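Heads up, the next two complexes both have subunit A, just with different partners, subunit B and then subunit C.
This part shows the complex of A and B:
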């Protein structure tokens, strides 16, 4: 089965999930809604055949949930538990937003994204910059991995224990490669007519399919139920 | 550069440096979950570390709007990552003011760049907004979310409406210090290599 979602649906999903993430769940029912909401992007990841990341997210999120519910409480103290609480806090609280964002970044092609932005009349400046940001996180990770390998090879991973040096040794090469990649990227983009005066056309015709509408309705419902139960229920 | 309109290349530059800045912010942010006092020390860490990419960014800024767009992007990304919308106006305001200050120095004056970066750093304080504005509900939220009472007490001792002024000032001061250091680093590495 293949479901190609419209980028606008994905953006809407991000919006809803971010809003729900802001409101903490207080009752078991709200927790249920939240977990259900988190499952949707994970299932979508499975459908897109991104098994590795889907399973990783599932394990991380599940583990944090179990720990939070069964082992941690207001009274827990001690350094190890403090770190554990921190870990579970960040995962349980922000993981849904991160999974959704990850799903959208991983499955949206840049041209789809740009054409969706054009359709929503987002100013070019914001759209282009946002597209670059989206594309760039994996690049930074890749470049950073290469830098770390190089540092390991020369045995200077810890910069002699000097915090300033540790930052400098990593940051400077990273910036060098990012600036270069940026130059290449702009050359490539300008060749494809980005920043011209005419309206750009897109090879991809975006249309809202049945799945998009269903998902949008689903997420609207999730948001409505959550707000209603938290503030009026 | 006679045209004052932003071109595709400028947008791409903005995007790249925003991504780097977010990564810096995120890595520092991870540490905050160890102890709440580290959350308060973001105002020292992020301006200092973020200064290096930002100073390189400032050398590439020549037109009005680039810093503003960056702040808008940061606001959007902060929202998506679950930091809330309360801080968004502050982030964008800091960006616009920083842009204006840098513009008044024609994006070349070093003193104006320092000031501008100091102001820009105030966006970090936007992350504290939920803690201050909605203190009570935020506390119960944290407790429900699985944080210990100890963490909460420390957090609210470090960040409340009295300390926010100090935090804002610290942000600005360390932004300025960071700018000086960052400029030195940029000079040491990038100007020699001829990249700037």
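This part shows the complex of A and C:
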């Protein structure tokens, strides 16, 4: 099965999930809604054959849920427990948004994204900046890999036991190479007409399919149910 | 009459970049005719790239500086024309294949330009299909750009430029990161553009692949055009004349490529293990005297995570003939002379980099071990014995001064030894400078200095001369020789036959992860 979602649907999902994530769940029913909502992008990741990240998210999220509900309570004490509570709190609260964002970034092509932005009449300036951010994720990953190798060779992966150095040794070369690449990238892009005053076109014809409409309705319902039960129920 | 034909006019142009004191170009006057192919030739920093930037409008619109005079491209004054209005007229292929992409997938990249200038979608699709079939890149479609080799990326870059149907194509050292096969493909792209009657300007250090294509050659030095030949005259230049200009020879690479291609034809029939045996016997009989050896054994590796270190090692010990099947690297045994420079050659994506990564211990799943002076290093110990100078040295400079960089590698900080090492590499005057403020070659030497400080005996270089002009390439060659004289063993992976000729004592050839020479 293959579901190619419209980037607009994905953006809508991010919006809804972010809103729900910012409201605390107070009753078991609300928790249920939240978990249900989180499962959707995980299932979508499975459908896209991104098994590794789907399983990783599932484990992290599931573990944090289990810990929160069965092992931690308000009476728990001790430093380790405190750290654990903090960790679980953050994961349970915000991971759904992260999973959804991850799904969107990994499965959207840049030109699809640009085309969706045009359809929504977002100014080119904003659309291009966001597209460049998407373009940069894999670059940062590549550069970071090379730097980590270089550190391994020098035997300074752990910064001589100094946490600050550890960050410094990673960040300085990374920043330098990202600035360089960014500079060359912009030069190459503007020689091919980026940023002109003509209306940009796109060969990608975006259309909302059945799945898009179903998912949008589903997420609208999730939001409505959550808000109703929490504030009016 | 000549005036009518010329598509690019550069009149009395002087330019210097913002922040630099010296003028880079001084009173340059050039004109290029429609349909002409011109090579810009000269050492690094001679102003080749600056001239290209004047024509594609990056100067003065993107890189600012003091610009005098005027540049007219296709009847438009570049200074008064917005960059996006030049996009359909001038196309540029840049040096670094990694950083000239806007998209992450190949299809999006090819249509990027036409989309920007607002062509109707049907027209864009038509252009895309034409370009794809003309350049024969069907198999590259619908792929992630990050998975492609340098040569493939450069092909997509050419296609992306082609899709805008520019009258003028500029190429800024396009071959720097390419192997010989990829360069031949690049030559075909240029030939096709030439047949279509486009005006082509190429700035390049490597001359052999363009010399049959060019109609005119300009030799630049210190921001001025010093010499000019027509195509015929250029092809007839003798090797001594070329050498006098301190430039790369026009024919040397071709000789090497012929030699290597023949070689590749022969090896297919022979079984690899026989070849291996022959190789180690051969080199041990040849240098049976007191010379010390570096022995590499069990250098096998697969990106498949199931093929663990132990499994690979066992396969080799059992003498399993099938062991090499499906491995990215399979070199069961290799003997190298100590204190020599050894060139590692082979096509892009054929296992050279994997080999170097395994030797220096970055790939944990490689069971390989290195024996030097009777002592065997494997696993993590390889990291201490070896040091790799990466192609992009910016990745391996971490501190805020050259001195700190060297000291970081020492187990005990020893300023005297640090000075010694820096002096040997000619870096003493830069001791307190920030490594990122140095030139490319100096950075490379800083990386080497820290390798020496760490006590590495086996130094690995990944493409140390890509994009360098002849003088700088020669410097690197001399430096490698000197390092070898002081007892280090050097493995250098390269596409640069001139470097091989200049400094390598031995050459090993890797093809599909196997040793063939």
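Here is the rule we use: the second predicted complex is superposed on the first by the 215 of 233 C-alpha atoms of A that agree within 3 Å, B and C clash if a C-alpha of one lies under 4 Å from a C-alpha of the other, contacts with A are read in each partner's own complex, and residues count from 1 in each chain.
Note that in this section contacts are C-beta pairs under 8 Å (C-beta built on N, C-alpha and C of every residue); 3 or more make two chains touch, one makes a residue touch a chain.
These figures come from a predicted structure and were not determined experimentally.
When the shared chain is aligned, no partner comes close enough to touch A:218: not subunit B, not subunit C. Of the two partner chains placed around the shared chain by superposition, neither subunit B nor subunit C is touched by A:39. By the touch criterion defined above, A:166 reaches neither subunit B nor subunit C. In the superposition on chain A, A:206 makes contact with neither subunit B nor subunit C.
In the superposition on chain A, A:58 makes contact with neither subunit B nor subunit C. When the shared chain is aligned, subunit B and subunit C each come close enough to touch A:190.
Of the two partner chains, subunit B is the only one that A:178 touches; subunit C does not reach it.
With both structures placed on the common chain, the touch criterion links A:150 to subunit C but leaves subunit B unconnected. Within the superposed three-chain model, A:229 lies out of touch with both subunit B and subunit C [touch as defined at top]. Judged by the document's definition of touching, subunit A residues 131-132, 168, 172, 176, 181, 185-186, 189-190, 194-195 lie at the interface with subunit B and also at the interface with subunit C. Subunit A makes touch with subunit B in their complex at residues 14, 18, 21-26, 68, 72-77, 81-83, 85-90, 92-94, 97-98, 101, 124-126, 128-133, 136-137, 140, 167-168, 171-172, 174-176, 178-179, 181-182, 185-186, 189-190, 194-195.
Chain contact summary for the complex, subunit A toward subunit C: residues 109-111, 114, 131-132, 134-135, 138-139, 142-143, 146-147, 149-156, 168-169, 172-173, 176-177, 180-181, 184-203, 205.
Within the complex, the subunit C residues that touch subunit A are 56-58, 61-62, 82-88, 90-92, 94, 96, 98-105, 107-108, 111-121, 124-125, 128, 144, 146, 160-161, 164, 357, 360, 362, 383-384, 386-388, 390, 392, 394-398, 408-409, 436, 450, 454.
Of all residues in subunit B, those touching subunit A in their complex are 6-9, 11-16, 18-20, 22-23, 30, 33-35, 49, 52-53, 56, 65, 69-70, 72-73, 76-77, 79-82, 84-85, 140-151, 185, 189-190, 193, 195.
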